[in-house]
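Two complexes follow with chain A in common, the first pairing it with chain B and the second with chain C.
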Partner chain A sequence: MIEQLTRRLVLSAPAALWAGAAFAQQKEPFRFGALMPTTGPEAGYGLDFVKTYEMAVKDINDKGGVAGRPLEMIVLDTQAKPELAISGANKLIDVDKVAVVITAWSSVVKAVAPIANRTSVLELNMGANSPDIAHLGDYVYTVFPLAEVDVTALAKYTREKLGKSRAAVLYINNDTGIGGAKIYRDVFTAAGGQIVAFEAYDPKATDFTGVLLKARVGNPDVVHIHGLSELPQVIAQMRQLGMPQQITSYSAGYNPKLLAQLGAAAEGLIVTSLAPTAGTNPNVAKLLDLWKQVGRAPNGLPYLQYAWDSTVVVADLFAWVDKNKLPVTGENMRKALLEIKTFDLPMTGKLVVTNDHRVDKPVYLYVVKNGQFTLLDTIA
Partner chain B sequence: MDYLASAGVLIGIYIILAAGYNLIIGYGGLNTIAHPIFFALGAYTTALLAIGTGLPPVICIAAGIGVAVIASVFLAVTTLRISGDYLLIASLGFQLGLLQAINNLDFTGGPSGLSNIPVTLSGPARGWLYLMITAALALLVIWLVHRGMSGPFGRAVRAMRDDDVACAALGRGLFTMKVVIFAFGCGTAGLAGGMYAYYFQYISPEQFNVAQSATILTMVVLGGIGTIWGPVLGAFVLVALPQVITFLQLPSSLVGPLQGLIFTSLVILFLFLRPHGLVGTRTPGAAH
Partner chain C sequence: MTDPVILLQILWTGIAMSSYFVLFTVAFALTLKVEKLWNFAQAGLMGIAFYTMFWSLNAAHWPTWAGIVASVLLTIGVTIGMEIWAIDVLRRRHSSGLIFFIFTLIFSQFVAFLLTLLFGTEPETIFPSVMSPVRIVSGIAVSDWDLQAVGLTAALLIALYLLIRFTRDGQFMLAVADNEKLSEIYGISARRAYILSGVISALLIVAGIWLYGTRAGVTPDVPVDLILTAVIATLIGGLGRVFSAGMVAVGLALLQSFSILFIASKWQGLLLYGILFFALLVFPRGIPAWRPRRIQPAPKPAAPVQAEG
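Now for the complex of A and B:
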């Protein structure tokens, strides 16, 4: 009898799941917006973010959705440009009536902030790290740690653990670069180090010889490069100029494409990551399996982990609003965020939303050894 | 629908920009591509005054127009003795140089831009109020261009464009005419910048880069260079079209390339099939 019942239960479980999923598909979906660069120079990252959102949304819907309703994402292209982000945010909020918009790239987050605050729609940053993001208003929150988290840890580690005393800081002249470089400079100096060069380069530059030679004149024992997709070119040109110094960068450097582009020139590079790896978190392995079906390695895996988790955060907010029988509005989504406060997320672990609009996370330091990112240290 | 109002405000701002640019390049025949920097000067002056002094918006925008006019007169006086390709290169240098300065100064916020521009109008009707103000200003600019180009001064400007030597031989002061239309056209860009800063509450250097020149020039050419209503139509088509595409429910990876493809195709098609634009005649400036 028990055996029969168990068999029935086992047989009925997938059917129930399927029925639940089908039921979820029939109901009015919970919609959220995402403003990502799907074209333009940053599309390499942006398209992978979108792909990961789609995977996360599918995963949630396959499990029955949110409170029996499907989750639906509306993506609009920003090309990482503020003017397109403004137009996209207006459409998402006014036409698609979303109560929450996920954004990334500092200038996009900033451009959307006045609209989010004015219309009382929750804006969640999932990938930009400009320290200014903490001060953008009541409706702008981040699920991604801002630059002070990993850059502070890296600068302290370089000075105190690696014993470096003379640092050159090269940075891309945009929001991300300036914010990160200033933090590195201040922390490294406060720890007793000396900044021998502090040089910016143009975001569209392809030749970095000038800033590298200025750095070389200062005779640094470590070069911190705070850049984006141009990082491999800067490092390659630095090595071509015969500069053997230790190089450090932040989470944008934790990218398998960088290793493929640089080859041996990447050896010894130290980068940060703000998310655990597949070795320490089995959920990450599942994400990588999903990417294997895409047929290539994803760009910026830690960012994709945050992309997945931001979708989970959004789903949790909808679930809270639904459970409390509140209408789905930006005010209520913000209320949900502040009430839930602590999220247990599958890809990046515990997330605590604080009143100062920041989040704290452990920092993983990696060094490139034999063509692989190898864990160097974890700073909690 | 606030979204429609927002799109309308953007169209209005681009009509002001395109009408002013059309006066310089279409009627005056002055090949400049520095128009976005005057847009930026208007926006930054307005925003900095609004943030730093809390002065009424009218005064902040007037100051923005003033700074744009002063900068344009400076550019005019130093470069208008040259023309054609040389003027084009000089204006490009002016655009790039000033934008680099904005990009590297602390008080302009550098590449981060200015994000704390105060709210001037609030409430559910905000978008529509801004739309009415922008539409009124756009109409005023169009009317002023029309008035200016309809009378003897307008005929002299067109004569200067078509043959400056013959025009000078008739005793017209070419230099004064050039400075006047340059200052007026760039002043309208300053006005557009002021409206942009107040409405969108965030400005950064990348919003005013040289690609904006291509956009505004395309609006003028597509609508009809040297006509009154051409820039209006051009601004409407080029702002509205990308918005319409986002409603087609296409995959996000397709929307961006499609927008680029349509933009490029329109330019090429118009260059070959209708070089005088949608409302233009074969002789620019003779449309009215």
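Now for the complex of A and C:
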């Protein structure tokens, strides 16, 4: 009898799950928007973000959806450009009537912010780190730590633990680069270090000889590069100019493609990450298993962990609104965010949303050693 | 920054970096000279050349020489095809210059969209690694890429000069460039000259995109930016002066490189457009070519004029 019951439970569990999922599919979905660069130079990251959202949405729907209703994502391309983000946000809000929009890339987050505030739609940043994001208005929140978190930790570590005293800061001339570089400069200086060069380069540049030589003249003992997809070229040209200094960068540098492009020249590079690895969090291993089915290593794994978790946050907000029998509006989604406040997320751990529109997370420092990112230190 | 070693480093790197700009500029200026065509389709050809090499080496895992040969053949093939089935058709219809311009622009955009669908928009390089071995010569870092870039560009320009100066086809190209109708009266095939200039341009484009793609990441819309530099250099160099345009491309690259001594590096990109704006206003037909002044014979004394009355 017990054996029969056990067998029935085992057999009926997937059937119930399937039935629940099928039931969820029949109901009106909870829709949310995502503004991501699916074309353009940043698409390498953007497409992987979208792929991860799809995985997370499927995972949630396979488990029965949100309060019995399916979760549905509407993705629009921004090319990481503010002008496209604005038209995308207007379309999502006016036509698709979404109550929450997920964004990334600092210039995009900033461009969408006035629309989110004006229309009372919740904007959630999941990957941009400009410090300005904390001051963009009542409807703009972040689930991703802003540059203060990892760049501050990195600058302090470089100065205090590595004992570097003369830093050159090179950065891409956009919101991400400007914001991050200023924080590095201020923290490093406050810790007693000296900034010997502070140079921006054009986002379309392919030759960085000039800025690198300006840095070399200052005789730095560490060079912090706050760039994006051009980061490998900057490092390559720096090494080719015979500059042996320690190089640091932020989470954009934590990318397997960078190792392939630079080979031995990447050795010693220190980068940050804001998410735990598969070794310390088994859920990350599951995410990597899903990516194995895609057939390649994902770009920027820590960002993808936040992409997954931001989907979970959105699902939790819908569940709260539904539980409290409130209409799905931006105002109520914001209310849900501030009421729930603490989220236990599968990929990046505990998230506490504060009234100052910031989140705090441990910072993982990695160094490239023998062609691999190796954990150097964790700064809680 | 005024240390001679630094100045020489900027000079050397600037010259090396100008190599692909020179090749793209000469390709653009040659087509303009012979065919009288502002051929923005060359941006599309750059994309075709790059992604053929990229696919051959990284997806099909062909040897490097095979990837280059495939790229050359496909780029030349598309050039000839476009000449026969598009440009020549427009020419026979006596289409206006604006139609030619729009056609070439649409072609390059079409290719960019097609390449986006096929290869995505992530920046790609021809080889997985962007590193190149370096040697220090009198304090100046000289990479293998620099030597390859300067050597390849110089060899191709010399070959082009010799072809134009000492071969019948080269002379015919010049004749057609000078006066198409008159050339045909003398039995010179204008169509052959057009195709030859297109093939030479295609070869220069493949070489240029090879140099660019082994140093920096390429996305399908990068060639449009590259062709703009070629247009600027051609305009400043003077319409119809192929090698002058090439020299201007070197000058522009050096000006951008040395500008770091005077302005913040983030303004370097803007400098190029500032120069174009200035040049179009002051030298709408390009910077005048320098020619030695001829010694004029002394004028004969005028005959005395008899006053009337």
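The working rule: the second predicted complex is superposed on the first by the 380 of 380 C-alpha atoms of A that agree within 3 Å, B and C clash if a C-alpha of one lies under 4 Å from a C-alpha of the other, contacts with A are read in each partner's own complex, and residues count from 1 in each chain.
Operating definition for what follows: contacts are C-beta pairs under 8 Å (C-beta built on N, C-alpha and C of every residue); 3 or more make two chains touch, one makes a residue touch a chain.
Bear in mind that the values here come from a model prediction, so they are computed numbers and not experimental data.
Q: Using the touch definition from the top, say if A:114 reaches chain B (first), chain C (second), both or neither.
A: Only chain B is touched by A:114; chain C is not.
Q: Could you look at A:130 and tell me whether it touches chain B, chain C, both or neither (first, second, both, neither)?
A: Once the two structures are laid over each other on A, A:130 reaches chain B alone.
Q: Which partner does A:29 contact after superposing on A: first (chain B), second (chain C), both, neither?
A: After superposing on A, A:29 lies clear of both chain B and chain C.
Q: Based on the superposed arrangement, let me know which partner A:211 touches: chain B (first), chain C (second), both, or neither?
A: So A:211 only meets chain C here.
Q: One more residue to check, A:50. First (chain B), second (chain C), both or neither?
A: So A:50 only meets chain B here.
Q: Between chain B (first) and chain C (second), which, if any, makes contact with A:233: first, second, both or neither?
A: second
Q: Which partner does A:95 reach: the first (chain B), the second (chain C), both, or neither?
A: First partner only.
Q: After superposition on the shared chain, which partner residues are touched by A:87: those of chain B (first), chain C (second), both, or neither?
A: Only chain B is touched by A:87; chain C is not.
Q: Give one of first, second, both or neither to describe whether A:346 is in contact with chain B, with chain C, with both, or with none.
A: Neither partner.
Q: Both chain B and chain C contact which residues of chain A?
A: 39-40, 43, 47, 173
Q: Could you list, by residue number, the parts of chain A that touch chain C in their complex?
A: Chain A reaches chain C through residues 39-41, 43-44, 47, 173, 199-202, 204-207, 209-211, 213-214, 216-217, 229-230, 232-233, 236, 239-242, 260-265.
Q: Taking the complex as given, what residues does chain B use to touch chain A?
A: 1-3, 6-7, 10, 103-104, 110-113, 115, 117, 119, 122, 126, 200-202, 204, 206-207, 242-243, 246-247, 252-253, 255-257, 260
Q: Quick one: in the complex, what on chain A touches chain B?
A: 36, 38-40, 43, 47, 50, 75-77, 79, 81-83, 86-88, 90-91, 93-95, 106-107, 110-111, 113-114, 118-119, 130, 132, 136, 173-175, 178-179, 203
Q: Touching chain A in the complex: which residues of chain C?
A: Residues 1, 3, 6, 9-10, 13-14, 17, 116, 120-123, 125, 128-132, 134, 136, 141, 143, 212, 215-217, 219, 221, 225, 256-257, 259-260, 264-266, 268-269 of chain C touch chain A in their complex.
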